[in-house]
Amino acid sequence: MLSFESDYTEGAHPQILQRLQETNMVQTPGYGTDEFCASAAEKIRSACGCPDAYVFFLTGGTQTNQIVIDSLLKPYEGVVSAETGHINAHEAGAVEFTGHKVLALPHHCGKMDPKELDEYLNRFFSDGNHEHMVFPGMVYITHPTEYGTIYTRDELAAISKVCRNYHLPLYLDGARMGYALAAENTDVTLKDIAELCDAFYIGGTKVGALFGEAVVFSGEYRPDHFVTRVKQHGGLLAKGRVLGVQFDTLFTDDLYMKISAHAIRMAGLLKQALKEKGYRFFLESPTNQQFVILENSFMEELQKHVRFSFWEKYDENHTVVRFATSWATTEENLSRLTDLL
Amino acid sequence: MLSFESDYTEGAHPQILQRLQETNMVQTPGYGTDEFCASAAEKIRSACGCPDAYVFFLTGGTQTNQIVIDSLLKPYEGVVSAETGHINAHEAGAVEFTGHKVLALPHHCGKMDPKELDEYLNRFFSDGNHEHMVFPGMVYITHPTEYGTIYTRDELAAISKVCRNYHLPLYLDGARMGYALAAENTDVTLKDIAELCDAFYIGGTKVGALFGEAVVFSGEYRPDHFVTRVKQHGGLLAKGRVLGVQFDTLFTDDLYMKISAHAIRMAGLLKQALKEKGYRFFLESPTNQQFVILENSFMEELQKHVRFSFWEKYDENHTVVRFATSWATTEENLSRLTDLL
Amino acid sequence: MLSFESDYTEGAHPQILQRLQETNMVQTPGYGTDEFCASAAEKIRSACGCPDAYVFFLTGGTQTNQIVIDSLLKPYEGVVSAETGHINAHEAGAVEFTGHKVLALPHHCGKMDPKELDEYLNRFFSDGNHEHMVFPGMVYITHPTEYGTIYTRDELAAISKVCRNYHLPLYLDGARMGYALAAENTDVTLKDIAELCDAFYIGGTKVGALFGEAVVFSGEYRPDHFVTRVKQHGGLLAKGRVLGVQFDTLFTDDLYMKISAHAIRMAGLLKQALKEKGYRFFLESPTNQQFVILENSFMEELQKHVRFSFWEKYDENHTVVRFATSWATTEENLSRLTDLL
Amino acid sequence: MLSFESDYTEGAHPQILQRLQETNMVQTPGYGTDEFCASAAEKIRSACGCPDAYVFFLTGGTQTNQIVIDSLLKPYEGVVSAETGHINAHEAGAVEFTGHKVLALPHHCGKMDPKELDEYLNRFFSDGNHEHMVFPGMVYITHPTEYGTIYTRDELAAISKVCRNYHLPLYLDGARMGYALAAENTDVTLKDIAELCDAFYIGGTKVGALFGEAVVFSGEYRPDHFVTRVKQHGGLLAKGRVLGVQFDTLFTDDLYMKISAHAIRMAGLLKQALKEKGYRFFLESPTNQQFVILENSFMEELQKHVRFSFWEKYDENHTVVRFATSWATTEENLSRLTDLL
């Protein structure tokens, strides 16, 4: 059955598999100390415009969020997030598992508002009673957000400024970062992210890799003994090379951006087709996830032919569903989908 | 440079890469709910002789130990382990990170003694003061051990009996399980392990996979909502298929045992060569890891030509080093090594 | 300086001190196994109408909340609370410290709405994706709430019914329970609480004791090895007798209710005086805490003569402040306060 | 029945109760910000010869160890302790509960050997593989030890020197510190402890208080936001004054030392009587705990008339038991005991 359920329904981009094959018999030391990780890290530092960034490779998004957040926070601090942030809603309490509270702010189509952040922090630190409260210790945002929306450079700069005023690191969850960087009309580059944030990760799992995320500490906050922390959280891969080879490939000849641009183009075609057929969108998403409001009985009929994600109930008779594109989406499959719609 | 540093210096067994390639464009749902995981689990249940075992795939050994132990223990319980157990010494406190104490017993060439275990448990539970102590809640053993040694069926049965007397689950860390099953003169089969233990994992990372471990709950202890717990610990792989495909391949046509047998044969040749050349062994290992005592200046010379693992200081002038073989070890490389020795 | 800052500004009710004196030289075993704890527990069971309740004494409210919640939840579960719940706002993340998320619902003058609770639980358990989310594992309410308001018997019964429908324990934080039980027009008795909740604590610290809270497990949920869990959380008092003597005194000749009734009478006089002088109340509180809106410059003047609690900013020119009464509040001090107002 | 079971079988020294009575109606702010805590802290600083030490009052020993250790360690560090250390054996895993491993060294009559400590630390930090291990982050000792033995000044200085060489804080658990300071022939003063250690606590619970321990950070290591950490661990007492009044009393007119000296004198008389009657001691203890080897049938007979502590099995026919003296031990009760022996 056809699937537009997510951007991780297939294996990996063919060039990644090919490179794994080519390098298979090279003998390397373990735990990320190999030549492929070194090369990938160097290419990422270069793409970020951060020659002295610390880059490390982890296997999945929740793991990455858990380890980075736990490593950047002091034990009595929590992480500020929009209430819709992935860490607050869909990671089974992985942050709380490490002892930290997620301090939720309202969201606006998945985004955090810099002014609301500033007001919250100002209220907290000016209140004499805050010794009995969880200290905000860092700020977490996603780009694109869980709703497929993206920040503008100005918005990102405004959040960054608030964080720096309060001496809090800003961490960006880039599980789908490629799709934000390749979105039409975005003015945010990878270098902007590296400059405005203190830590972020470049998602591989959802952008063409078998698995893997590249964590980048681009600012002044660098957890000491990060490898030991990763090990302690159960996240250290013995054959770290498998991550190195994948990210080295993704950051060679712009593959990461090419994959992302393809998915965005496919999403654009889908969006156009949906509009032409008069479908209602739940919100305007410039990235690879499209949220559409379907009448329930039609949705049930459609599910017999194509897989997509249930997002949320819209009203008694309607449901919000999500269609996602990726490197693997073909025009042919798109046609089959639009025929069904 | 030639390397006998570990059994995870290369990528994956070629059949695994090939199968990843062949299945790459199949669309699957995520998080281990795909057809490849289902097929692999079924083959593992069959190999274990446990038609109703619960099988789940994780990415690494420390992660697996952390999650299984934390899921089987009650919050006020600890895990009993030989003091040399991997969880007690080389996992950066990943068990304590989840709030549990490792209760260490003496080791005998890496193995736990069933009688000492019995005495410890008897002493604990007969002592009226134990409400102020950490309750032993499960028993952890490794097979092969960190020293490459293996349990006999009788020894394993004796430990199992003690555990069942005290109603404690027995968990076996099988990071290198294949090498124990393929060891010369072993009388322990995978079915024995499934019968005598309550939980164990079949190591993939060190036995030919790119990465991955297959957790098997073969006994009466089944953590509820295991997927949620895995997510909470940051261990849930989005493209679970990557694990499914690998273990499906390893458990097709006995590949897992063939890989292991090859490594054991290579270790046997190495052992023979070492013996012929008069090297001293630190202990007798029937598996793929060989521990040899080298004179320090010779060791330093040798390091210029071949990579191996430093194990521990033996005395002022000697060091214990480890040579490991794997699916990837060739007779040619073995010859090069023995020429150097 | 006169203080209406809280209900714990003095030491202990004189009868408690006297009883500590009288029993001082009695030799007892430690950790709550003494005769005073046994007697106090029996009196509490009797007052609750629960002959088989499990009663244990702890030293403070945050500690009690942390230990009870961590003991009742499974590791992958969180606790549902109104967003204003003490555990969510003013306990420095003590619940998250033990690995659990606080799942916040809206509040209504500090109270949780049974219908909103039902909707939340229904949405959670009917959503197929909940394996990636924190499971609601219990419900936490406060009575009186952080705003001094109280539940009616019907409201409490409605919340209890929802909890039982979903097989979730209901836990009531009774840091100031006496003041709710003694409130004018309340129809909720201690026996009602014991019947409708599964666990609760009867606050001592804020109702006349030097310190101490009596935890009561009145329902079917009984954490095993509770003493070990208390020890593990650092909450086990060596001289448990000190808690036993205090609660034995509080539950002899109705002292707990007499103390509470006195505070309520004093709060009533204060309320009347405030009303007569035309003060605005932030909300209607029937208990010992009164929340008043003061003009800022007047508030600053008043602070020179009497201590009270800053509650929150009301608007640019006004602040909400709290006055609290207790067993130790005298009519004389009340007069001095009303003269100042 | 007569009891020599522990040094916390009675309430509090009469002067403490009297002072609680006298100060009962003074109104104070909460959480340790009151005048009594301030006065007690000042007296302790003075007694320690540390005018700038940070002093805070907690309610019990396990709580204090948990909070201090968790506050001084980085998340990837563990605490080094003799295997018999209270935190390693009798605190229900309270340290592991906060995520940290106890790194156990051998004990010598309860004491840690500075040379063994040095060797362990040297081995750890010189081993290139230590990134996969728990980092030793501080050293924990008890004085007197769990066996009633005490360090000499030289021994303490040697341990302190090792710690400072490796830049690790030294923390001394002084649950029974008074009995070490008052021991015959000791050359260790409170000022020595403050100088040689970085943190320690002066035990109140076992030295005449109702409950309470005074934590002193005398060195360069000062956890930031300690009050918030205490709250987060559930250890913050609302009526902190109760701790302040007690320690203010204990450190007025040398009461703490007088109490301790009395207990030591009583222990001396008991020791003499035991020796005269030919009893065998398990080890030589210069403090208030005496460990005696009793023949089992005699022990059972004795238990009918007097309470003492079971310590451990000595051999098939003998048991080690403990008798403890305190401020409350009278010569009359001692006579009754010696008559029974």
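By letter and in written order, the chains are A, B, C and D; residue numbering begins at 1 in each of them.
In this section, contacts are C-beta pairs under 8 Å (C-beta built on N, C-alpha and C of every residue); 3 or more make two chains touch, one makes a residue touch a chain.
Source: prediction; values computed, not measured.
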Most distant chain from subunit B, judged by the mean position of its C-alpha atoms = C
Of C-D and A-C, the pair joined by more C-beta contact pairs is C-D
Averaging C-alpha coordinates per chain, one finds the centres of subunit A and subunit C separated by a number of Å equal to 42
Separation of the C-alpha centres, subunit C versus subunit D, in whole Å, is 33
What residues in subunit C touch two or more of the other chains?
-> 76, 91-93, 97, 99, 131-133, 228-229, 231-232, 236
Contacts from subunit B onto subunit C in the complex sit at residues 70-71, 74-76, 99, 131-133, 135, 224-225, 227-229, 231-232, 236
Residues on subunit A engaged by subunit C in the complex (per definition of touch) = 76, 78, 89-93, 96-102, 104, 128-129, 131-134, 310
Where on subunit A is subunit B touching in the complex?
-> 1-3, 5-6, 8-12, 14, 17, 20-21, 23-30, 59-67, 91-94, 97, 205-206, 210-211, 228-229, 231-239, 241-242, 307, 328
